[in-house]
Structures are given as C-alpha cells and as structure tokens.
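Notes follow the structure.
The first chain written gets the first letter, and so on, giving A, B, C and D; residue counts start at 1 in each chain.
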C-alpha cells in the first residue's frame, strides 16, 4: 500500500470535510439573508408569504427525511402537521400562549401517537405503506371532525392567541417571520447534520436495498421507526407555527389533499436534498398565490407549469441548483 | 473446539411444498464447506433460514455454540455471521468505498449515531480500505458501485460481507455469471478468506467446488443425500447418478 | 370570465371619473375586497356573490365622490388560504373592507379580524356562532343565521298541517351547523322526530343515508347539506330513489336559484324553512325589483339568493362609508352600527350592540312561474318572516359581547 | 336485526362496487404494465362524463350511443397524453411518473373548467330507466341496476381479453416479468400506450355511466380515485383478480359503513383497509412485489 495512495485518501477526506462545513455555512448564511429581508424594504405581504413558505418548508423537509432519505413514500404526512397544530393551538388557547410550552405539548402529543402507530406502520413498505399512511391521516381527519368538544368539528379551532416568547408577545408579521426563519434554519441545519451522520448514511442504505441493509447488520425496522417518529415530530413543529400564524386550524389541515400538497412540494423541489423541499415549498406558495389571484382556471396553469418542470428538470428544481453548486465547488477546489 | 456453525434438522415449507427437509450441516473453523445440488434443491432457502431472512419451520441454527434460530439478520451479523447474495445487491448510488464503509461502521455499532464525527468516519474508512486492499479493489474505491464491471461487483459484494469481520461467511454463488478468469480470482479469494473465517458456499461450478472445498454437502429436493470430503462425495455412487452425472454432462 | 367582466367594469368606472373633472386625490378609487370562491364545484355560489356585489356597486355609483374598485380574491374555499388572501387584500391592496365571505372563510377571519382591522361584512355565513358567542366588532352579517332559520321552520311547521303530522328525519353533512339544525328540529314541540344521519363530507353516493331515512319511515326530511354540488347530488338521488314521492324535503336555508333552475320540477318537492333572500320579494318591495332589473341588465340572469344577499351587504357598506364621510375603518364600523338602509332583502339595520342584521327570512314553496321572469322558470314564493320573530330582542341575550 | 336494511346496504355496495371495478381495473393494468401510479385516472373519469354531455348536447346523439362514443373519444386523447408526457420519462424513477400524472390531473380538471365551466351538470337517467323497481319490497332506482350490470359485463369482457387473447398474454407476461417480456420481443412502449388509452376508456365509461347518478362536475373524479387506489393496493398491485375482490370489499365496507356508522363510514373504511394491509402487506393477491 503506497504512501501517495494514503495521502490521496487523506486529501479526499479533507475535501469531504471542507464541503460539509461549506454547506453548513451556506445554510446559516441563507437563514441570515432571509432574516434581513424585512429590513431591506421587502413588501409586508411578501414576508407573509415567505413565513408561510418557510413553515411549509419545515414540513416538506420532514417528509424528505422519511421519503427522500429513507425511501418511505407517504401519502399521509398531513397527520403530524395537523396534529401538532391542533395540540399546540388548543393548549395555547386554553392554558398559555407561550410558544415553547405549546410546542412541547404538541411534540408530546405527536410522540404519544407516532410511537405506537409507527411501530405498526413501518412493517410495510412501498405502496402498502403509502396507502396505510393515507388511511391513518384520514382517520385523524375524521376524529378532528367528530371530536367536537375539543376540535369544534368542521368549524375548526379558532381564536388561538398570538404566541409569546419569554413573556413577550410575538406579532404576526416581521417578528413572527424572524421566529419562523430561526426555527426553519435550525431544523434545516439539524436535519443536515443528521443525514450526514452514520445514522443518515444507514438510512441511505435502507432506501437503496432493505435486504442488503439488514445483511450488513442494520436493524431496518428500528431505523424506520425512529425516522417515522422524527419525521412526524418535525412536521409538528411546522404545524405549531402554522396554527399560531393563522390563529386557528380546521380538519382540512389533516385532509389527504394537504398530504398531497406537501409530497408534491418535496418531490417537485427534489427529494433527498433537504434543499429541494425548501425550494419546492417556496415556489409552491408563491406560484399558488400568483395563479389564484384574478385567474380562474389556475388549476390548468398550475398543471401546465408543473408538468413542464417535471419533464424538463429531472430530480426537481434543486437538481438544477445543486448541479450549479457542485460545479462552483469543483471550480474552487 | 466446537464448530462455529451447526445446523440441525432444518426444515422450511412454502405452502404445500417442503423446500427444505431436515437438513443437517456443520461448518468447521477454517473450512470451506460447499453446499451443492441442482436448481430448486433448496440451497438458497437453507441460506435464507440460516441468515435470518426466512423463519425456519423446524430445526436449529447454532452459531458459536449459541442457538440463533430465527434471529433477525442484524443480530446474526452482530453475532458474527455475514452473507453475500446470489443476485448482486450492492448499494447502487454509493461509491465502492462508501459501500464497504457502511458495513464497517455497522460492525463498529455506529448505525444509530446521529451526529457526524470525523474520527469514526476515518476509522470506518480505514477498515474499508483494508478490505479493499486485501481484495485488490482499492483502485476503484472512488467509483460509483453501479458502474462497476460485473466481476468487480461480485468482489464488492464479498468485500461488504468481509467488512463485517464474520466468524462465519455464507456465500451464495459468488461466481454467478463470471468469466473463467474471474472464477479463478474468486476461488483464490475464498481460500484466503477461509484463513480468518469459516465459509459456507453455494456454488454450481463443480471444478472450483471440488478444488477449494474441505467438505461438501449435496442436496436434492430439499434433502441432504451426502456429506464428506470432495473425493468421497464425488466417488459416492448415489451422488453420481442423482446429481454429478447431470452436472458433468452440463459443465464439462 | 367573471373576473374579466369586473375588470372591464371597474376600468369603465375609473374612466368615467377621470373624464369627470381633473384627477385629484378625491378621484382615487376606494378599494373594496371581495374574498369568495372562484374555482371548484362551489364556484357558482361565488359567482352569484360576486355578481351581486358588482350590481350593487354599479347601482350605488360613486362613494364619497370616489369610484369603487373591487379587488377579487380566490378563497379556495379553505380557511387557511382565506386568511392568507384576506391578509393580501389588506396588506397589499389596502382595501377599506372585505365582502363576499362564506361560513368557512368568515369563521377563519374571525380569529384574525383584530389583526386585519378592516370591517368584514358577510352575506353568506350560516353558522350562528359568528354573531353570537364568537362575535367580533369587525365582523358584520346581513344574512340570517341558522338559529333564526330554525325559528322560521317552527313557524312553518305550525302553519302547515302536513308537516305537523310528518315523521321528521335529518340527513345532513357532518358540520356543527347541521347538527344544530337537527337538534333544533328535534326540540320543536310535539313534533315526531324519527332519526338523523350525518354523511362524511366527501359523500357522493347518498344511497346509504337515503336508506336510513327509508328504514325510519321518514315523511319529512330536513337536509342541512352543503349548498352546491352535494345538495344537488342529494336531491337528485333522493328523487332517483323516489324519496321525494314519499317524503317532503325541507331545506333549512333555502336553495340558490341556479340550483333551483337545474332541479327544475324536482324543486317543487322542496320546501324552504326560510331562505336568506328571494327575488320574488320584488312583488312587495321596490328596491328588490330595482336590484333584480339592474342585475339582469348586467349579468343576463335572475338575481339569486346569494346575489340579493351580497348586494344588500354591499349597499350597507357603501351607505356606512357615506355616513362616516371617510374610509377610516373605525369610522365605517361605527356607521355600520347605526345606519338603516333599503336593500333587496328589505330595510336593514344591525342589531344594537350586536353584529347580526335584523333581516327577514323568506318562507314559501318553490313553484313554476306562469311566465319566465329574468330567465327563471322556477322560483320560491316570498313570504317574509321578520327578524323580530326569529331573533332574541338583544344581542347580549345570545352571548355576543363586544 | 333489520335484515332488509342490511340487504339494501349490500345492494348499494354491489352497485357502487361495479363502478369502482371499472376504474380500478384500468388503474391496476397501467400499474402492472408500466409501474405507473396514475393520479390522472380520476380526471379521465371526469373527462368521460364531459365527453358524454358533449356528444349528447353538442352532436345530439342519444344517451346509449353517447355511452359508446364518449370512451372512444377519450382513448385517443389519453394515448396522446401518455405518448407526450409519460413515455419520455419511463427511464426515470417511478416518482417522476407519479408527479407528471398529478400535474396532468390538475391540467385536465383545469381544462374541463376552462371549456365547460365549473358548474354542475345534471343528467336525467335515460327515459325507460328513470323509474324505480321493486327489489324484495324496496323501491330501487332501475338505472342504478342497469348501469351496474353494464359495468360488470364490460369488466368481465376486459378480464376475458386479458386472460384469453394474445395481447392479454403479452400484458400478463410483462406484468409478471418486464425483463423477460422484453426478451420475448414484446414492444412494451406501444403496449403501454395502448393499455393506458384503454384504461382511460374504462375510466371514461365509468364516468359516463355514473353521470346520471353522481352528476357531472370537474372534480367528480377525486373521490373515486382515492377509492380506486385503496382497491388496487388492497387487491395487490397489478393483480386483476385482486382488483375485483378489492373493489367489492371497499364498496361494501363503504356502503354498509354508511348505513350503520354514518359519519364514521369513511374512517371505518380506512381503518379496515389499514388493518387488511398490515395483516397482508402485499395485498390480497399480491405476489410480494410491492413497488
């Protein structure tokens, strides 16, 4: 085994490490940039849309962990999001509007549900898992409709107060936007660290080939179970933000159409990239707003744009961006 | 000392079909033990039962004196058993080194570790490189596994298994679809591997089997019809007319 | 196309005011937001709402010597989307007020009304809570809420022997208001109530629920079903199963007139327990006739229930602006609290210390007209049922605290 | 226990199951052949309804002729769509085709809204069948029974074609083992285009057949799409026998659930399907190959 070969490997690992730091920095820089927008004279409604987009981004990233990285296709990802929304919203209205407390409560509720459900659901894979996840979400939808004493049925949970952080009320607008940017950035960074960790790589192995993964000593079910629970928990963070932003929620937040939307955002942006879902969420929100204003056949336009993007850009919008990014990277080193 | 792998009265049904019927096996340390038989004899089923991919209907699998019957695959790996697949199942979109490093990391028990640490990555990488060096695959370390030549894929398959540092290695037709040259290469490898771990081998290439095996078990219709050294087995009249005849006609 | 029309219309209006005198700050149009359904199966309802607002805007002409510019937004019939769009209307278009919302949107806006800080006048929201326990100083309602409809239903039952002897059954969607209607019917004195069933919200095949009513031997079925496609499907299938032959169908809040036209003769099997509006009120009330004619001239069809209602809400708003003498939100709200206006649904004013308009409901059967009017061949006969009979005397009584 | 009530609900289930079978067969065929999860299937169902009123009120043909013509109009359109959007990306991962069909669904529904508007179109049942008949003492709409029989006959025809004709043999061959079939020299590309078209035809027929019962509006296909997905996965992806069983399993669960659990019926359906899949992950007739 030659010394230059060893040296080559050392260098390879160094560049690997450098790239990791670079990406982490990129995420932080992006968050800072976003946080500056309100002070750069961006229109207040654009900020509103961005807030919504970032909340969706959190949700889409959580789906990316499950579908993009672990290969568990889900049609019922509204469950975690909507559940978090209801739990946080109800707690905030009835007990205290403290954001952290509400978030914790939401997470507790989600865990208490996702742990047992996940334990059963992850025994399936592929289409069966997709359909079962859909079924689970629809059952939650029905519960939200029927459990009127808590959810107020189809009228929805209304009158959720503004959140407070350390006793200070966060007004929806710039303040709430900054909070969202902070959380979205943290989630993105955290997920990024997760997917490059040994755990993350293991998920990749499971995605590519479950038998093989098992054969090299990976406890496939345990991993899928953990991912399922984490993914719901992160979705719940988004749901909590959303319920505060909209000051309420309705069972429709658990409906399969919502699950479809988030799946579309993630795939449209590019699965397995974390970055893609963010792009997907942002473009989804802005596209929908643009198309549904004074444009009555927006569905037609939406469909056309959608089909074209999928046909012309494989691996989603992020595919393009990341390719450019890689080129730049190569150019640098 | 006790044999690392002992199989007693192993049976498995698929519906009405009794695919494996009371199979007994003993793989001794440092031995290459071959399992041969015509297609549909149940060899792969035996493999899947031993390696935890199928739950045997009956019988015992004993690994290093431990009863591991119907353990899930990942526990078996931890207990020192690894396998390769008949159809190549490398991780397509990863590089060769990542493929092996995955296994190495798994062996280091790092699967569940959720934050990246350089020094573990290094540890795993080094182990992986050692394996690749041993199998002479380090040149392609950076290549995408999916783009390897078929022969190299088969070697990678073995490399992944070896990175798990198994006491017992199950190899399912490692030479499937390989050129004579490649077959020799594999044969040589197997002998080298046998020095550190016992091998149970399913193989069609009689030449090679007779060449490298210390012990051979012959199966037909899910039953063991003969066990012994290459010479005894190849001279065994039952085996002759039940099986070897056809094979000779087929291969030679 | 409706969008195009309104664009042309507003363009036309702004042209007018440009030609009339130099463009001073006073000429700058007043923006009014219309947040309603612009796509999907429920769109016809949105169409009627928008058309009514456009008609009323044209009828009223300039407000505070300024033209009105309608800014139309799609609510997607979804609470969360509606909140975003309302925010857009306020933040981006700086509208002076929001019109056109239905129950789902109104309930969602209630939570954010204090952030939006513009008057919201809804004309198409049934849920009683909106002006009762959940009432909000920014949110006004011109249409009668569900509990008022229940009162008129009571009256209807007392007046109609056929309904008194009937065996009542409820087939509704699983909405709180549906259950409210059901429980109120159940509560009516010496009424024979034989059962109820609530369908999932995405029901397309009503056979199982019709079977339930059959098994219970119902002869009067009250149907708190979402207006639009579901109600249409339900009535058609009830007809298909011959339920309309054995039982009378009672619609708790009346049928939109486009739906009546589609149903044709089937609609005569339906009794309205009290409609939010009825264009045949014109036989008794000139403002309605005036509105109907303007509407027909503008849209070439009859002014439907939702149109008459949204038109009324619009007129209330414009009169309030005129009285307030400015488009300052606070001023408009104060004006809305005090004005009394002649509208297509009668002379309207909001209940003191409340947000519910003292509006009549309209009873009467659906019948074939001797001769088509405004292109309509079937319509409801309009016998007004005054708010004094359907609404508690003071807002405080039903829990509205502002 | 009211047996008659149960009977009526079962009857309702069988009728709805017949419609569901038509849509599910197409979905299952397309998946089996091309691994295409067709989200646009519901939109094609709606297209059938609109094609029907187009030929009835546009051309002025009668209902039954329209019933034949409408699917024939949809088939070429669907084939063109497949050729233009799905074939080019066959080599990409399955999610891409899923995405494209999702976009297509939105496009078709939007297109329908653009051409016909979003309003609901009511279509009276054809004259002789507008009445109700007495089924064991229950007034039952005659048209529903007729429509159910028609769709059952058509489904049977489709199954026969798949089972006994050379083309059917090829379809089964590819469904079982794509690689093998390629080797046999079956032109998979065009076969998929053809089958996609026919599947769309079946959906369109279902849409047209159901028009007098469920009315016609742009989003009429959405609910039946979800139900069909349940059917196909429950039956075992690509297995036609499974689809048949699945269709009636789903429809009966739905109608009996509707009769006895009212607002809980859909939740009940989803629970049952989830349970069934957890017990049998590859579906009732799945051959372990869950994509």
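We adopt the following convention: a contact is a pair of C-beta atoms (placed from the backbone, for glycine too) under 8 Å apart; a residue touches a chain by one contact, two chains touch by 3 or more.
Because the structure is predicted, anything quoted here is derived from the model rather than measured.
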Chains partitioned by contact, subunit C not counted: one piece
Identity of the chain that, by mean CA position, is farthest from subunit C: B
Distance between the centres, which are taken as Cα means, of subunit D and subunit B, whole angstrom: 47
Centre-to-centre distance between subunit C and subunit A (centres being mean Cα positions), rounded to whole Å: 39
Whole-Å gap between the CA centroids of subunit B and subunit C: 75
Interchain centroid distance [CA atoms averaged], subunit C/subunit D, Å: 37
Residues of subunit A whose C-beta touches two or more other chains: 142, 145-146, 296-299
Junction residues of subunit D, two or more chains touched: 113, 263, 266-267
Per-residue multi-chain contacts in subunit B, two or more chains: none
Contact graph of the chains (line, ring, star, complete, other): other
Each pair of chains that touches, named by its two labels: A-B, A-C, A-D, C-D
Contact set on subunit A toward subunit D in their complex: 73, 120-121, 123-128, 130-132, 134-136, 138-139, 141-143, 145-146, 256, 260, 264, 267-268, 271, 296-304, 306-307, 310-311, 314
Residue numbers on subunit C that touch subunit A, as the complex places them: 1-3, 7, 38-39, 43, 72-74, 76, 78-81, 83-85, 87-88, 91-92, 104, 107-108, 110-112, 115, 127, 129, 134, 174-176, 179, 200-201
List of subunit A residues in touch with subunit C within their complex: 43-45, 48-49, 52, 142, 145-146, 148, 152-156, 158-160, 172, 242, 246-250, 252-253, 289, 292-299
Contact set on subunit B toward subunit A in their complex: 51-53, 72-74, 77-78, 82-83, 85, 89-94, 98, 102-103, 105-107, 110-116, 118, 120-122, 124-125, 129, 133, 138, 141-142, 160-161, 163-164
Residues of subunit D touching subunit C in the complex: 2, 4-5, 8-9, 12, 15-16, 113, 117-120, 122, 125, 132, 138-141, 143-144, 213-215, 217-220, 222-224, 254-259, 262-263, 265-267
